[in-house]
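Letters A, B and C mark the chains in the order given here, with residues in each chain numbered from 1 onward.
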Amino acid sequence: MTTETETETREGGPATSRSASRRSHGEGPFRYLSTGAGIVMLGIMAAIAVFLISEAIPALQANKGNFLTELTWDPNSSQVFGIGALAFGTVLSSALALVIATPIAVGVALFISHYAPRRLAGPLGYLIDLLAAVPSVIYGLWGVAFLVPLLREPSQWLNDHLGWFPLFAGEGAIGGKTMLAGGIVLAIMILPIIAAISREVFLQVPKMNEEAALALGATRWEMIRMAVLPFGRPGVVSAAMLGLGRAMGETIAVALIFPATFGISLQILTPQGNSIAANIANGFGEAGDIGRGALIASGLVLFIITLLVNIAARMIINRRKELMKADT
Amino acid sequence: MSKQIQVSGLDAYYGSHKAIEDVSMTIEPRSITAFIGPSGCGKSTFLRTLNRMHEVIPGARVEGKVLLDGDDLYSNNIEPVTVRRMIGMVFQRPNPFPTMSIYDNVAAGLRLNGRVSKAQLDDTVEESLKGANLWNEVKDRLSKPGAGLSGGQQQRLCIARAIAVKPQVLLMDEPCSALDPISTLAIEDLMAKLKDEYTIVIVTHNMQQAARVSDRTAFFNLAEQGKPGKVIEMDETSRMFTNPSQKATEDYITGRFG
Amino acid sequence: MTTIQHISTGRRIKDRIVQGLVYLAFALAVVPLVSVLWLVISNGLARFDLTFLTHSMRGIGARDVGGGAYHAIIGTLEQVLLSSLISVPIGLLTAIYLVEYGNGGRLSRAISFFVDVMTGIPSVVAGLFVLAFWILFLGMPYSGFAGAMALSILMMPTVVRSAEEMLRLVPDDLREASYALGVAKWRTILKVVLPTAFTGIVTGVMLAVARVAGETAPLLLTVFFTDSINNDPFTGPQMGLPLYVFDQAARPNDTAIDRAWTGALTLILIVMLLNLVARLIAWWRSPARR
């Protein structure tokens, strides 16, 4: 802070140094306001943790089951509830989304950065960004009204022919409101963020490295494999993790699609599944005091998981930034 | 394995801007040809037309003929990829692949052409690094990243990478401009050694360097500002530097402009 | 061609296959966008009429035709406006701190890091926080304002990031020129830095607004549902347009589903309009155009 004032006085020159130092009294409010705003941001993060914990505690104390392992969610009557099935569903659906979205997003990013005609790259990139602008409730509506019926036959086919594979197993009702439908909708929703970040890192690949590859007689794909992908890998990994965090926290679209069953099953073609976030949206309307506390407790778990995923992703990005600084 | 290049009536464009016009010349095998001239006169552009790197830049195109021992590099059934495989290039700033080790950098071009046995790779890497006068400095740390080397070493690594695929011609675009004098000397020694096997073309801003290393020199210049660059004169280096036939060449070499 | 050998067919085919896959990936990504927009427009237009835009759902059951989203549109506009009023000053000031005062110190690195982390907070968690703090802990009622608080938590990090980016684009020469005239730092920021970055900041804010305007989960937990018009965002339950779509979509009747599509169309129009205005401002002031 002192260096700041010194710089300013020097910049002002000797003639104005007195007035500058006098004016720096007037600087107080502005500097403190902006510092204060920054601290408020930190305070909000802390407050989120504190109040989620404090409002979750009474419900957790009233819980007759084990919160971490219990599969059922019945805080309102029997007061037995646990995060087990919900956490499993959250992880399964987001993992599914990630598996679907990442390869397509990397393809889209390569398309924009290295394949599309220069003139079209900008507008086409904007088209992908538009995917992110569609509100999640609309994806939910689209999923229920359009995607769920559409998936019924392919699901049946997968079940008939590849039913030995645990994910495609299951008997009776195949298709409908399934993990597959939810996973696809989540994939569409996280695709733009993964594509956007990957595109940025692909565009940052030094031209001279690409030219070095081309000058060795590499085809376009070989150049990408030699110069672009190795350089972009950490960026793509952290982009995928940010996408994972987003998929885990996504609420409304999956609240409309998941049939809110409580159980642990790998079968993504049968109508079952739930997630922490979807359960909060669907369970809130009928929740009493303990019910709300229980939902807050589950939100706390979600908060912690997404926080860890996001922090890990950010650390990968930041480490890479430092590496790049060291390089140049 | 060294080949002759014959260029006739070559124009190069960036979009609608014509960067060089009507260049014709013969580049002899087993010799070093230097391109000199003021900045922006198109010598680097011309160099990049010789291995079809020019067209990598969006909107850039070339008209005219470049014959490599009689084969037109710009004929329809020739792909740029094969041209670049035969005509290697070293860039102004050393550009080893930052994510690869020293070994992998040298092996990068070889691996493109499918299965090469480990033993064969080892041999070629060693041979190329020796060829680039770098082997003794790096033989104990082949698995370390190439980016950890000094600038001069990196540039020799790039030369090793270029000669590992056994090209017919080696193009060098101001290869010493980012290097200190000692590294520059090392590269110049290397060029003198490589010319026994390769056709070498070098773009340089450094007149002494052109005089020291090259056998023939071409002087590029703009007719006037905004007009495309042209070859003003091309001759034996000794003649160019002692008795040029054009006034502009003499002015440039003696440092009266440029 | 005797001396120039061609590249192997294998390499050529691989190159082609990858090219095909990359094009396919892009096409795959565009399909859902087109499908969503098409369905929203074609299904939404049926009920996109004056009744829908000017009536609430008061006294209208799921099976009844008619009814509208006036109460939800009003709610959304008020909630978004309030959340901007909360988040823009805090976000902008934080960005100013990071760029002009932070100096890469420990506090500024901490803030910067947590702003990044905050962008990843699930929207439902923001809603839960306001529920826990404002409604359960302080005992305040469900209201549009509570929803606006939840939305502002989602908006703040976006505003900080975009404003920070724009402030960093202001060349140091400008700041130094101002200092050299003897202008104090805070006046330099106010008179030189902020005006230079102004349109960029506005663009960022508009994009942030567009993003939160479509958020449903935080509203669900904080504004409650209502079918009636409530112009006062500070007292009593208020509706929001995304919430309206969610509410109608969850009902099994065709009449309700129709209303959901029309609500979705209205919502998309609002969001796209905000996006478009933001892009236009950015384009209008972009250096390429000058």
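Observations on the model:
Everything below uses one rule, namely that a residue touches a chain if its C-beta (ideal position, glycine included) is under 8 Å from a C-beta of that chain, and two chains touch if they have at least 3 such contacts.
Everything numeric here is computed off the predicted structure, so don't read it as measured data.
The two chains most heavily joined by C-beta contacts are A-C. Chain A has its Cα centroid nearest to the centroid of all protein Cα atoms in the structure. Relative to chain C, the most remote chain by averaged C-alpha coordinates is B. Averaged C-alpha coordinates give centres for chain A and chain C that are 15 Å from one another. Taking the mean of the C-alpha atoms as each chain's centre, chain A and chain B sit 47 Å apart. Between the CA-based centres of chain B and chain C the separation comes to 51 Å, rounded to the whole angstrom. Multi-chain contact residues of chain A (touching two or more other chains) are listed as 217, 219, 222.
In chain C, the residues touching two or more other chains are 7, 11. For chain B, residues that reach two or more other chains under the stated contact definition are 81-83, 85-86, 112. The touching residues of chain C, counted against chain A in their complex, run 7, 11-12, 14-15, 18-19, 21-26, 28-30, 32-33, 35-36, 39-40, 43, 89-94, 96-98, 100-103, 107-108, 110-111, 113-126, 128-129, 131-133, 136-137, 153, 156-157, 160, 176, 179-180, 182, 184-187, 189-190, 210-211, 213-217, 220-221, 242-243, 245-246, 249-250, 257, 260-261, 264, 267-268, 271-272, 275, 279.
Of all residues in chain A, only 3-4, 8, 11-13, 15-16, 19-20, 23-24, 26-27, 30-31, 33-42, 44-45, 47-48, 51-52, 54-56, 103-108, 110-112, 115-116, 124, 126-128, 130-131, 133-142, 144-146, 188, 191, 195, 217, 219-222, 224, 242, 245-246, 248-252, 255-256, 277, 280-281, 284, 292, 295-296, 299, 302-303, 306-307, 309-311, 313-314 touch chain C in the complex they form. Within the complex formed with chain A, the chain B residues making contact are 51, 53, 56, 58-59, 81-86, 88-89, 91, 93, 95-100, 108-109, 112, 147, 158, 161-162, 165.
Across the interface of their complex, chain B is touched by residues 1-8, 10-11 of chain C. The touching residues of chain B, counted against chain C in their complex, run 3, 68-71, 73, 77-79, 81-83, 85-86, 112-114.
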